[in-house]
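Right, I'll just put the structure down here and ask away after.
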Amino acid sequence: MPCTIEIYEKPQLNNPVLIEGLPGIGFVANIAALHLINELKAKRFAEIVSSSFQDFAATTETGGARSPISELYYCKSKDDNRDLIIWYGNTQALTTFGQYELVGKVLDIAQEFGCRFMISIGGYKKDEVTPIPAIYSAATDQKTIKEALDLGTKVMVGHIFGIAGLLIGLGRLRNLNGFAVLVDTLGMYPDVKAARYALAIISKYLGLNVDLSRLDVTADRIKIELEAFGLIKDVAEEKKREKQQMRWFI
Amino acid sequence: MPCTIEIYEKPQLNNPVLIEGLPGIGFVANIAALHLINELKAKRFAEIVSSSFQDFAATTETGGARSPISELYYCKSKDDNRDLIIWYGNTQALTTFGQYELVGKVLDIAQEFGCRFMISIGGYKKDEVTPIPAIYSAATDQKTIKEALDLGTKVMVGHIFGIAGLLIGLGRLRNLNGFAVLVDTLGMYPDVKAARYALAIISKYLGLNVDLSRLDVTADRIKIELEAFGLIKDVAEEKKREKQQMRWFI
Amino acid sequence: MPCTIEIYEKPQLNNPVLIEGLPGIGFVANIAALHLINELKAKRFAEIVSSSFQDFAATTETGGARSPISELYYCKSKDDNRDLIIWYGNTQALTTFGQYELVGKVLDIAQEFGCRFMISIGGYKKDEVTPIPAIYSAATDQKTIKEALDLGTKVMVGHIFGIAGLLIGLGRLRNLNGFAVLVDTLGMYPDVKAARYALAIISKYLGLNVDLSRLDVTADRIKIELEAFGLIKDVAEEKKREKQQMRWFI
Amino acid sequence: MPCTIEIYEKPQLNNPVLIEGLPGIGFVANIAALHLINELKAKRFAEIVSSSFQDFAATTETGGARSPISELYYCKSKDDNRDLIIWYGNTQALTTFGQYELVGKVLDIAQEFGCRFMISIGGYKKDEVTPIPAIYSAATDQKTIKEALDLGTKVMVGHIFGIAGLLIGLGRLRNLNGFAVLVDTLGMYPDVKAARYALAIISKYLGLNVDLSRLDVTADRIKIELEAFGLIKDVAEEKKREKQQMRWFI
C-alpha cells in the first residue's frame, strides 16, 4: 500500500483550481488552506494515506488517535468564480520517493475532477523579514508568471523545496498551469502574518472574498494539530524524535 | 516480494477482535500476546514475511534457523465471547514504509475474517514507574475511548510510535474501531509486570478468563526468543549490529 | 509513479546510437550532449521523471519553475550515418534503485526505436590533468573495445560510477554493444576542454561533423542550468542543501 | 525493474540441491561456489540483476565493462547423485529489501527446477582461528541439523547475516530443507583454507568428488574479480567508495 486513497464523493466541479496547503516553512500554506476550508465551508471528499508518512499515531486531548494524512476538500463557488479543490494535511512525505508519489496521486485526483490550474503556497525562510513581507512567485508558463507578478509578487530565485515546488514542476509536465506563492517568513510558526499575505494574493487572483478576521483562530487550531503531530520543533528535536521511533527496539 | 503471506487455514470466526503483540517498548505487547496464545491455545493460521524485516537468520540452541516473521493466531471463544485474532512476531519492520505495509496486510487479513475491532498494546517509557503503573489509552472513536477509560485507563498524551499506533490510526481510516493500551514501563525487558496490567485490561474488556500464574514462564520464553533475534540490547549495541550486517562486505 | 514517461513523437530511426549525457564528474557528458543537441538540431521526443529525483522545483530568472528531468532527443543523419538518440537531463537519480530504474526505462525506449549501440560519456577525476587530457574507454565486447582503443583511448581501470557505467553494464546484459568514454578532468565544472575531447572521440567514431566553436556558449548554458539545479557545489554544500530540504519540517 | 531475470536454458534437473556462493565474510562461499562451477563444469543458465545492486560498472584489464550480477549454474550428476544449482555472483544487495527480493527470486527459480534442498555457505569471523578451523551449521529442521552435525560441524550460535542466513530462513518458510555451513575465518580474503573446509563438508554431504588441488587458482581468480568490484577493502575504504559514488554530483 504505497498510497491508499479513499474518495467519499464525486462532486461536479467547474474548472476547479487546486490549492496546496501542506505543513511547510512557517506553516504558511497549512494555515492558509485550513482558513479557506473553514471560511468557505469546503467539504472533504478524499483522504490519502501514504506509507511514506511517519509510522505513529498522534493523540488528541480527548483520547482520539489520528494518523498522518492528506485530505482533499472541495468548495463550489457561490459567484461565477471557479470551484476550488483544497489540499490539506498534517504532514509531507518522509522521502523524495514518497513526495513524488503523493503529488502524483493528488494530481491524478484533481485532474479526474477537471482541474487544469494549481496554486501552491510556501514560506520563504529569511533571517530577517520586513514589516510588509516580500512575496515571490514562480509559474509553469509565461502567461501565468505575468499574472502572478501583476498581483505584486516578485520573481522567486532559488529552489522551491518540497511539495510546493514539486506540485508546480510535476503539474507543468502534465500540462497544467499554475504558480507557487512564497512569502518571506522567519519560520516562526505558525506565521499568521505570512499566511495572511498568501491568502490576500490568492483571493485577489481567484476573486475570492475571504474573511481574515478569524485567522488567528485558525492558526491556533493549526498549532494544536501540529504540536500533536510533533511538527513544531526544531531539526535537533526532530532527530531526537527519530531516535524515539527506535524505542520499540530497546 | 515486499510482503509474503501464507494462510494455512481459513477459520470461521465470530466477530473477531484483533490483538496486536509485536516486540516494542518493554516488550509488553509481545509477552501479553504470547501469553494469550499459550493460555487460550490459539492456533496459528497465517505467516507474514516482509522484505522490510532484517536480513539474517537467528539460530536456536539446537541448530535451528529462523527468520524474522509475523504470525496470526486465532482463538475461538468457549463462552459466548468474541473470537480473537492474535498478531504475534519477533520483529517490527525496519522502515516506515515497511511498517505501513505490514499493518496494511494484517488489516487485510483480519478484515477478510470479519474483524471490525482491534486492540494494540504498548509500553510507555518512563524514567520512573509507580508500584502500580499508570495505564493509558487512545481510541478510534468517542464510544471506544469512553469504554477504555471506564476500564481504568487514562487519556494518552503524545505519540504512539510504531505498530501499536499505526494499527489504530490506519484501522480507523478503514472504519474499524479499537483502542491502544499503553502501560508505564522503565523499558526493562521483558517487563512482566506491565504485561500483566495490559492483560488485565484486555481480559476485563473482552470478558476473558486468562490464568496469569505462568506469565513468568512466558516472559522467559520471550526473552530467549528476543535474545536470539538480537532485540534485547540498547540502541548503541543496535548500531554495532548494523555494522556487523556489513560484515559480508568486510 | 516510480518513473513517468511521456513520449511525444515516435520517430522512424535508422539503427540509432544512444548517447548518454547526464550531469556527472566535470559535467563532461552534460556539455557534450547539449552541444550535440544544439548543433545537430536534435528534437526532443520523450521526457522521463523519476520519483528518485530530488523533490523540488528549480526556478528560472524569468519566474519559470522546472523539475528534475531526463529528456530524449533524436537526430536523423543528413549523411548515410546512423541516427542518434541523445539522453540529456539535469540530474541523476538519488538512489541506486532509481539509477537502475532510470537506465532500464531509457534502454526500454531506445530499444523500442531500434537502438543496438550506446555510448556513455564521463569525466575521470584526477588531481592533475595533462594539457592534453588522457581519454579512457571500457566496452561491452572485444570488437567494440578494439574500435574504442583505435580512436586513441586507453583501457579504463577501475569503476565507472553512476549512469555512465550502469548504462554500459546493463546494456551489455540486454545484448546491446557500446562503450564508455571517460576524459581526465579536475572536476572543475563545467570542464569545456574535457567535453571537447569527448566530442572529438564520439564524432570520429560516428563520422559526425560537429562545429565545436560554440562549445563555450553551451558550457555557459549548462552552468546556468546546473546552478539553478544546485549541482555546482561541493559535497559539503550538498549536505547543507539536504538539510534545507528538511526545512519544511522546521 | 527491481529484479531482472534472464533464463537462458531450462535444464531437466534431478532433485537438485541449491548451493549459495555469494561474496561474504572471508569470501568462503564465493571461492567454494566458483570452484564447484569450474571443477564440475557447471553451466550458466540464468542471470539476475537487481536494482538493489551498486550502480557502477567494473572494468576488466582488457577494457570490458561488467555489472554487479547474480548467476545460476547447473551441473548434472555423473553418478546417481543429485544435480546441483550453484548460485554465484559478485555482490550481495545493498539493502535488506534487495536481499529479500534477491533470495525470493532465486528460490522461485530453484523451485521451478524442482529444488527442495539448499546449502548456504559463509565465513564466521573470528579474531583468532585454530589451525583446523571450527565449522558450524544451522538448519531448517531437526533431521537436517542432525545430518549436518554428523558431518563434523558444531551448532551455530548467533546470527547468520546476509544471504547465507536469509536463504535458509526464507527457504524454510517455503518448506524447503537445508543448512548453512559456516567456517571460522579471520576474514582475510580470499580465505582459501576456509573454503577448502566448506567444500569438504559439502562434498561429503553430497557425495561429490571434487579435486581441490586447483583451489588456489580459483581463489586468485576470485581475488581479481573482487578487486574489480571493489569488494576487497575494509569498511573504512567502503565508506570512501560511497563518497566516490557521489562524485557525479560534484
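Letters A, B, C and D mark the chains in the order given here, with residues in each chain numbered from 1 onward.
Definition applied: a residue touches a chain if its C-beta (ideal position, glycine included) is under 8 Å from a C-beta of that chain, and two chains touch if they have at least 3 such contacts.
In this text the structure is predicted, and so the values were computed from the model without any measurement.
Least step count on the touch graph, chain A to chain C: 1. Interface of chain B with chain D: the two copies contact each other largely through different residue positions, with under half of all numbers used appearing on both sides. Taking the mean of C-alpha positions as each chain's centre, the chain lying farthest from the centre of chain C is B. Chain centres here are Cα averages; for chain A and chain D they lie 50 Å apart. The centroid of the Cα atoms in chain A and the matching centroid in chain B are 35 Å apart.
Annotation for chain C: no residues touch 2 or more other chains. Chain contact topology: the protein chains form a single closed ring, every chain touching exactly two others. The complete set of chain-chain contacts reads A-B, A-C, B-D, C-D.
Partner chain B is touched in their complex by these residues of chain A: 1-2, 4, 6, 47, 49-59, 61-69, 94-95, 98, 230, 243-250. Chain B meets chain A in the complex at residues 22-25, 92, 96-97, 99-101, 104, 125, 137-142, 145, 148-149, 155-163, 165-166, 168-170, 172-173, 179-180, 187, 189, 231, 234-235, 238.
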